[in-house]
Amino acid sequence: MDYQELIEEVYNEVMSANPRGKVADYIPELARVDGDKFGIALVDLEGNIFGAGDFEEPFSIQSISKVYTLTMVAGIFKNKLWSRVNVEPSGDPFNSIAQLEFEKGIPRNPFINAGALVITDALTSKFDDPIAEISKFINELTGKECTEINREVMDSELRHSERNTALGYFLKAYGNFENKVEEVVKTYVAHCAMEMSCVDLARSFSFLANDGYSIYAKREIVPESFARRINSLMLTCGFYDEAGEFAFRVGLPGKSGVGGGVASVMPHKFSIAVWSPELNEKGNSIKSIMALELLTDKLKFSLF
Amino acid sequence: MDYQELIEEVYNEVMSANPRGKVADYIPELARVDGDKFGIALVDLEGNIFGAGDFEEPFSIQSISKVYTLTMVAGIFKNKLWSRVNVEPSGDPFNSIAQLEFEKGIPRNPFINAGALVITDALTSKFDDPIAEISKFINELTGKECTEINREVMDSELRHSERNTALGYFLKAYGNFENKVEEVVKTYVAHCAMEMSCVDLARSFSFLANDGYSIYAKREIVPESFARRINSLMLTCGFYDEAGEFAFRVGLPGKSGVGGGVASVMPHKFSIAVWSPELNEKGNSIKSIMALELLTDKLKFSLF
Amino acid sequence: MDYQELIEEVYNEVMSANPRGKVADYIPELARVDGDKFGIALVDLEGNIFGAGDFEEPFSIQSISKVYTLTMVAGIFKNKLWSRVNVEPSGDPFNSIAQLEFEKGIPRNPFINAGALVITDALTSKFDDPIAEISKFINELTGKECTEINREVMDSELRHSERNTALGYFLKAYGNFENKVEEVVKTYVAHCAMEMSCVDLARSFSFLANDGYSIYAKREIVPESFARRINSLMLTCGFYDEAGEFAFRVGLPGKSGVGGGVASVMPHKFSIAVWSPELNEKGNSIKSIMALELLTDKLKFSLF
Amino acid sequence: MDYQELIEEVYNEVMSANPRGKVADYIPELARVDGDKFGIALVDLEGNIFGAGDFEEPFSIQSISKVYTLTMVAGIFKNKLWSRVNVEPSGDPFNSIAQLEFEKGIPRNPFINAGALVITDALTSKFDDPIAEISKFINELTGKECTEINREVMDSELRHSERNTALGYFLKAYGNFENKVEEVVKTYVAHCAMEMSCVDLARSFSFLANDGYSIYAKREIVPESFARRINSLMLTCGFYDEAGEFAFRVGLPGKSGVGGGVASVMPHKFSIAVWSPELNEKGNSIKSIMALELLTDKLKFSLF
């Protein structure tokens, strides 16, 4: 399989179809991004890199960062984690507070905001400087210094973080939050405001295609069973209210962010990241999803 | 009508029936109160005072304080207030956050916690030292220095205020909150932690029986129409999830608090406050409600 | 007090203000009604009748009929009724099924559809021909033959009764429904499709202003305490999602219907019915509510 | 790979661990089933059959039947289907009516009851005798006469079908239901009351492991893309509120029923059915899930 040829084909087909969506505009810093950007990077298990378009340009990874924090926590807390956050898909919006009330403070899964906040809270209990540790961890996974926090995005998100702060206090009311809410929200916002390129995202996700072993860190990041857990969570919960649709159309575990990025893996084959800022109405990158769908079609790959 | 004889009769009948409930125990400071306490004070429109039992002993007024803050805000903001808080009964628990989500950040009424927080937020926008102003206002209504904040109750409530803080941030996320959430919650907790006796409560509520004019303050506190608005809100929303039951059994506008107090008015006749710390399962004082029911029975008064 | 002069004044003021709304159009038979109709009838405790405008013209009473069925059931089942239906205001729409699920099949009150269906179900258990009994009962309350079912309205409502049928089956799933759902819904739709004039509505509601005694039936319809219960339920729950607003603006217990009618009582004084088909956005007659507000203003009456 | 050896190993390990749950008892006919029953049948793509335990004994397939009706409808309505039913996981119970209200009558997916009723409704629109067609279809998939409706189970379910009937009427209220509700519910209950053995279930699911082509029917049942759609739906929604857990522990698309059966496929390898009546608290067969988990462990298979 010539992966370079493959992703170029995919790149060209998407560019020629040119489906359009809408750049996230809930904060001005994201709204300013050029909607025409589009990049693909694929990394195989030996670390060979294949890229097309704007695959080396950093962008705001947003919710993709939740995969890193979940992985860190998993390594630390093992199975105790699942008493604080569930592993089932949510039928409600990613930032719903009503569901949290019905479920007595246990978030449905680690990728809705409430669940991700619980994860970041657990990291805050463990580390003196959690954001430094998260950066270090991502850099280790990527095999190089790659993360940079966009301060403007972070500050702007902080100024719009009331809903996440409410979720934090609500979790605290149910006894499912250990640290100062504002501190945890700040860390959460900081890791969402990190910028990475497609190629670095793909490198860093490589261990999830590789049963938990990272060729960059040269160590087992998580046991094989936990890598499977993360992948199954990405498949069932990784795309907001479009997980079922993505599972069908693409059939790969993946995680999207409102910055327009999607990081995904084909287990035992490769990791891949795609970026294009224009989103569909469910909040997922319209070009990125089309690219991944074309890719699995061309690979004749099917999970199912 | 000999009001003194009347309330003594009521007092004796309640004491002899002696219905028992459960003292609020969500914070230790409230749990410590003597469950046997029971007092009644009635104040007529000329200011004559009638009392029975522990009617001069101060207790934690809790949610009864929401009537004072609503009144203050009403005087300041007039009808603009109703764009920020609705006037309809809520079918959900007083501290529900789910309903607030369904209703896009507009609380159902000023007596559920979310609504009371909006009110306290409005006061915070207006005054440099809102808690001092609230005290001053209550003292004016009562015609003497009567309010004291129980610091232990306040501190303990503050340590358990996550849910109210969550409500505050959630309101802020919907643009219905102007000040720092923690500051407003602190003021809110402070006015709930005020202690007053039955007789002072009854004096302070007198203006609501008197078309808005206070004989103690010697001025119109609110226009007559606003006094009616507050009374109708107390009737339809003043007793958590037991407003309909109270409207039927007692038929007077009133407001209860988890400290076991109930302040109520018979418009154009008198104001009355009853206190007994043991609560029924809906959170209302079991002896206080029985006393008010007996009283309206004996008065052959019926709203309906 | 010259009631005739009073209601003519009210009538003229409303006609000159001429507030406009929207005739109910969920079935064509109601949509066809002339939106300009407007009538007021007041009946005092001696049976003197005062009328203005279209007060003798029959119209579709719709949800006002729920007061009659509740009264009948009350006479039969006494306090056992309250295990099947609650007495508290609902914060949800009148035909919400979600709330019924949260509350495990016990409707919040007898005036939301689920509660009214439980009431009609109880009547169906009691009577072989419930709709004949309901007619007979209303006629007895009115002191003459006055009810007629509009067959076209009934048939049309039946063809749109899926939601009520769903509520019935849902109640049955919770064990709170005894008879065949379709049969009960048919009876329910039939009593809602009755037509009565303002004057006959006012006569029939007279017992609720008179502590339960009907001067037309010449008997106690319900004990005084039950008349109070019905009045308090009308005050807290009688106007869909506008009960708090009506309690404030009018301050009388009353029940509205989507046909544009409102039947109301001033306890110990009179009963009154107003009709005008154009509704506000909450589903209550815009002219009828204005008329009742003007009336209590002019009477200087205030519940509060 | 010696499949016979494999499933015998699995069978023995489960029998020796012997995890216990609770037989479904919402109707007496299901409660009477022997909780000790346990069978496994695996069918490879050539039609070779491997079995252990009670793999030839018929049991009540219940919700597994929803896969057959979805498949039939898919063949008929193609992509028009997805305007009537969504494809996303539900965070609510399988028979929730509240979610249906929030989503305006569009069920979240075809495997919750509301969604399955829409599917059965579509079949009722198409066929004069839908239940005969469903039987015929299953027999064709299985390559032999295998379905029998247990009349006692069906009649008992019919007597307890109020909630499903309510869902049907509720769907009708939203315009998402074409036929008589009672008729559709009867067909729905009938197909749930079918009895099949593990081996016949495994044969009938074979086309889903085979890109839509059935070796028994000797034809393409659905296009390859639709087989993928069904498999992805089973993975994300096939196990009530335990889909995420099953995706992780087993990692195969599958569908469970309250009769204790689970039918599942490993795409391009085999189909498999397991049966044991005792359920865990989420309503899934405790031995069946353990068996499938052991099987994928031993196969070193991992979707992820």
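Chains: A, B, C and D, in written order; residue numbering restarts at 1 for each.
As a convention for this text, a residue touches a chain if its C-beta (ideal position, glycine included) is under 8 Å from a C-beta of that chain, and two chains touch if they have at least 3 such contacts.
Being a predicted model, the structure only gives us computed values, none of them experimental.
Considering the contact criterion stated above, the chains in touch with chain A and with chain C alike are B, D.
More C-beta pairs in contact connect the chains of B-C than those of the other pair, out of C-D and B-C.
Chain A and chain D touch with mostly matching residues; of the residue numbers seen at this interface, over half occur in both copies. Averaged C-alpha coordinates put the centre of chain C at 48 Å from the centre of chain D.
Chain B and chain C, compared by their mean Cα positions, are separated by 32 Å.
Counting only residues that touch two or more partner chains, chain B has none. Interface residues of chain C facing chain B in the complex, by the touch rule stated above, are 86-92, 99, 108-109, 227-229, 231-233, 235-237, 241-245, 247-248, 251, 253, 267, 302-304. On chain D, the positions that touch chain C within their shared complex are 96-98, 101-102, 162-163, 165-170, 172-173, 181.
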